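Right after this note come the structures.
Both of the next two complexes hold subunit A, though its partner changes from subunit B to subunit C.
Here is the complex of A and B:
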């Protein structure tokens, strides 16, 4: 590993990114917030899905839970406590859902995770209209966009560090063994269900926090906005584009795609959805193992840090 | 010798098929017992039931007096049962040493870091794989992959070792090496239950055999006596007028 260059380079990049709000205008700051959000979401998605092969479309369920928690509680308690509560709710939902569903395999889990996001959205909508009597909520927090950016940047760094640390921990080894052979894994004493649920929960808590931190940007929040399924699809495609089995893969996928999506939505607002769909198809067809995988194929035979079970034929066994 | 493993009236049905039919036997502490029988007689099913990969339809299994019936494999492993598989199962994305560390890291008295590296290397030396730790396990020969599998099973510090046709597919030279390896474990006091078709190995390693046919026990006793039993011979070779 080129860690000797890697660490100073990453630190320098971090300092530049942290100072960016002092030099750029509001448009660029908005762009940076969106970028930091998607880098974190895609990395958190890959932390679970890239290492277990469970393709999840539940991203926006947790993202929305975070955003809504802030909308409901921001005037009732101090902001840091609200974030803690949001993380706690995300964790609770993840454990509940994980225990109930991680025995589903392949396409069944994909469909379930998509259904989960819709279910949460409908539940929140029902609660707001029937019990609470309103649909939307306003969020008034007295800090500027640069604070949102710094929080997201910190969360992105924590996510990447956590991913790196898990890769070197017993949990990371358990995941590699499970990806190789579940029968062996269970027979050497690995609790497969808990390993997967732990990872699902960690990933879900991060997604919840992204939603919670970003929510003040909207000022006005309603279920259709914060539970928009496009968030789940964009996260997934960014992680796959970059390479979901690698530490930097999701981030490297999120940056160009986020900028491309922004450009498309600004220049082709009427055809945005069609172009998005086309892009998804092209990426899945041309780069099943992501950009990082492409570099591996071309510049050496370095073995994958994990065998992403998601792209079955990639492993070739 | 007291019984370490007690199999009591185990029955396993898959739909209408009864793979194991009211089977009972004991394995004593320190004993090497062979579970024999023609193909399809239910031996591997029985191994899977002991290791927790399959749940029995009826019956109970105790390990050192403790019920392990129906526990999932990772909990049976924690109680002290390790195994190898009929078709060798290695972890292809890991190197040889990591294959063994995987078991060290998740056993009850878990090892990690430098301690795990050292212990893995020690186990690999004992399995005849000194200085091979850094190789990718896929590049090893068949017998060396089997050695990795055995080292991995031993890394779990089992009280009971299940070997499912561990000696199958070896050439005569390798077979002798393999028999010596298991004999070494026996002499060190390991309790082993093995399923085996290689009679040379059974004679060399086991003082007692249990023979199954179509799910039921048809013989249980001293190896020489069992292998000469007319009923056992008939089960393997078929009757003269069949």
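Here is the complex of A and C:
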């Protein structure tokens, strides 16, 4: 019953969200931009990490690469080309990192991704100071916050559709087998490394694009700003809070937590990171499968599976 | 020039080795990956700074208070934060992920507390800051002391783990946590003890670092990162491996900083790390295969 209304409801929500900039003030528009950004980041994170179990702490590495690419190239090329180049660089780095680390054990990947952001930040800083001669760049692009918002909203929709589609494609099936038993997966002919790398690359390109699209908001960009590790941290906590293995989980986790973080950073700027850390520990302890998993347990709906919560069933039948 | 670089590299490498030993014990024996390790270290650095500047007590004496405090801290963290996760986790892989996530939260808590108490400034203090002639180069006395302390503490730990009955029990848990109880070892107690011991080493490492480097409330992450790299390079749970890998890391960092560019040390570390992992996935001294 509920499922038949899923698609119209989602479309209606999308229309309302798309029209929002016409009605709300600049403060709320800024909030919506941040929200759309984190919904996309958390969904992209879960697309890879929620399905493979490889916890990535490298979100901000790609996010920062995107932002910095725009900062460097926005004067030299038309904007769509800049986005393409940013996506290309993100893809290249993801393939390089994926090829090197995804064949190793999960923990090595976590360790490597933990330092990747720091590595990229140091490399960019080194390049800017010793070869380019200055640190920090300005971004002047002549479009307003509502354009940024619409781009992010579109990217969020694409990410969710992609997650849904991967869930029911051969790639998604292969992932389910890998998650259950890697040995079985390799015996029935699934190329484990490539499956993981493909997914990692898709997720990394989306993260890069989020950074690229959001960067004009800053106007002034330097490595310490765009490679801020809090971004990785918040993405991770949102996806876990919502439930990383489900289609809507990360989005549902991102909305309340983003608003909470906004409120915390406005009211407790000094104790912000302490509260953030405590919240994170509580989430890891109390909600190992996220809020969506909690609902499943409580109401006994479905077994824990990667299945679209609202719109999926209706479209398939 | 080369000689000075080599001595500097040895000092740095000795520090890394000391720091990594604590992490390798925590990860190898207690099977928990502690991402807040560097923050524990930096907290000890701040403690040493306070003791030196307000009480005027030498950091070496401070070590006698700070290292046991690190032990107690590790004991509490394991008992309160990690023990429930160990009980909940079905296998080693899920325990590793759970401990990474929980200690990732702890990282932000400790860092936040230090930022509130000490602010975000770079901090250092003057201790034994005069030169001594060694092998034809002048080396600051505090650096020589650091090297000495690293070898005394690291060596003591090595003897403790290999020569005592109690160290043998710890190593038995590292080799096979499921079989250790069969010979009468309390694996939970051993894990908790190992984690606490790692905390004491982190605290000693922090004191040692504070003697010759500047630090800030947010520099823990870099130390965690380097300690993790040393642990993985040397083979998890392998003390001699950690020593060698730490020295390799320290020497290559100083060489790159001197002859290429100080901004590229992290990149050099990463390239060595990846190279070793691709060549020998279980570390320089790890077991080959499964």
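Keep this in mind: the second predicted complex is superposed on the first by the 301 of 317 C-alpha atoms of A that agree within 3 Å, B and C clash if a C-alpha of one lies under 4 Å from a C-alpha of the other, contacts with A are read in each partner's own complex, and residues count from 1 in each chain.
As a working rule, a contact is a pair of C-beta atoms (placed from the backbone, for glycine too) under 8 Å apart; a residue touches a chain by one contact, two chains touch by 3 or more.
Here the structure is a predicted model, which means the values were calculated and not measured.
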Just to be sure I read the superposition right, which of the two partners does A:108 touch: subunit B = first, subunit C = second, or both, or neither?
second
In the overlay, answer first, second, both or neither for which of subunit B and subunit C A:145 touches.
neither
Check the residue A:272 against both partner chains and state whether it touches subunit B (first), subunit C (second), both, or neither.
second
Touching partner for A:126 - first (subunit B), second (subunit C), both, neither:
second
Tell me which partner touches more residues of subunit A in the superposed arrangement, subunit B or subunit C.
C
Please work out whether A:176 is in contact with subunit B alone, subunit C alone, both, or neither, and reply first, second, both or neither.
first
First (subunit B), second (subunit C), both or neither touched by A:92:
neither
Please work out whether A:189 is in contact with subunit B alone, subunit C alone, both, or neither, and reply first, second, both or neither.
first
When the two structures are overlaid on chain A, which partner does A:100 contact: first (subunit B), second (subunit C), both, or neither?
second
Based on the A-chain superposition described above, do subunit B and subunit C contact any of the same residues on subunit A, and if so which?
none
Spell out the part of subunit A that touches subunit B in their complex, as residue ranges.
170, 173-174, 176-177, 179-181, 183-184, 186-192, 303-304, 306-307, 317
Help me check something: in the complex, which residues belonging to subunit C touch subunit A?
33, 35, 81, 84-85, 88, 93, 96-98, 100-102, 104-113, 115-116, 221-222, 224-225, 228-229, 232, 261, 263-264, 266-267, 270, 273-274, 277-278, 281
The answer for subunit A against subunit C in the complex is residues 53, 55, 57, 100-101, 104-108, 110-112, 114-115, 118-119, 122-123, 125-126, 129-130, 229, 233, 236, 240, 270-281, 284-285, 288
Taking the touch rule as given, give the residues of subunit B at its contact with subunit A in the complex, in rising order.
51-53, 72-74, 77-78, 82-83, 85, 89, 91-94, 98, 101-103, 105-108, 110, 112, 136, 152, 155-156
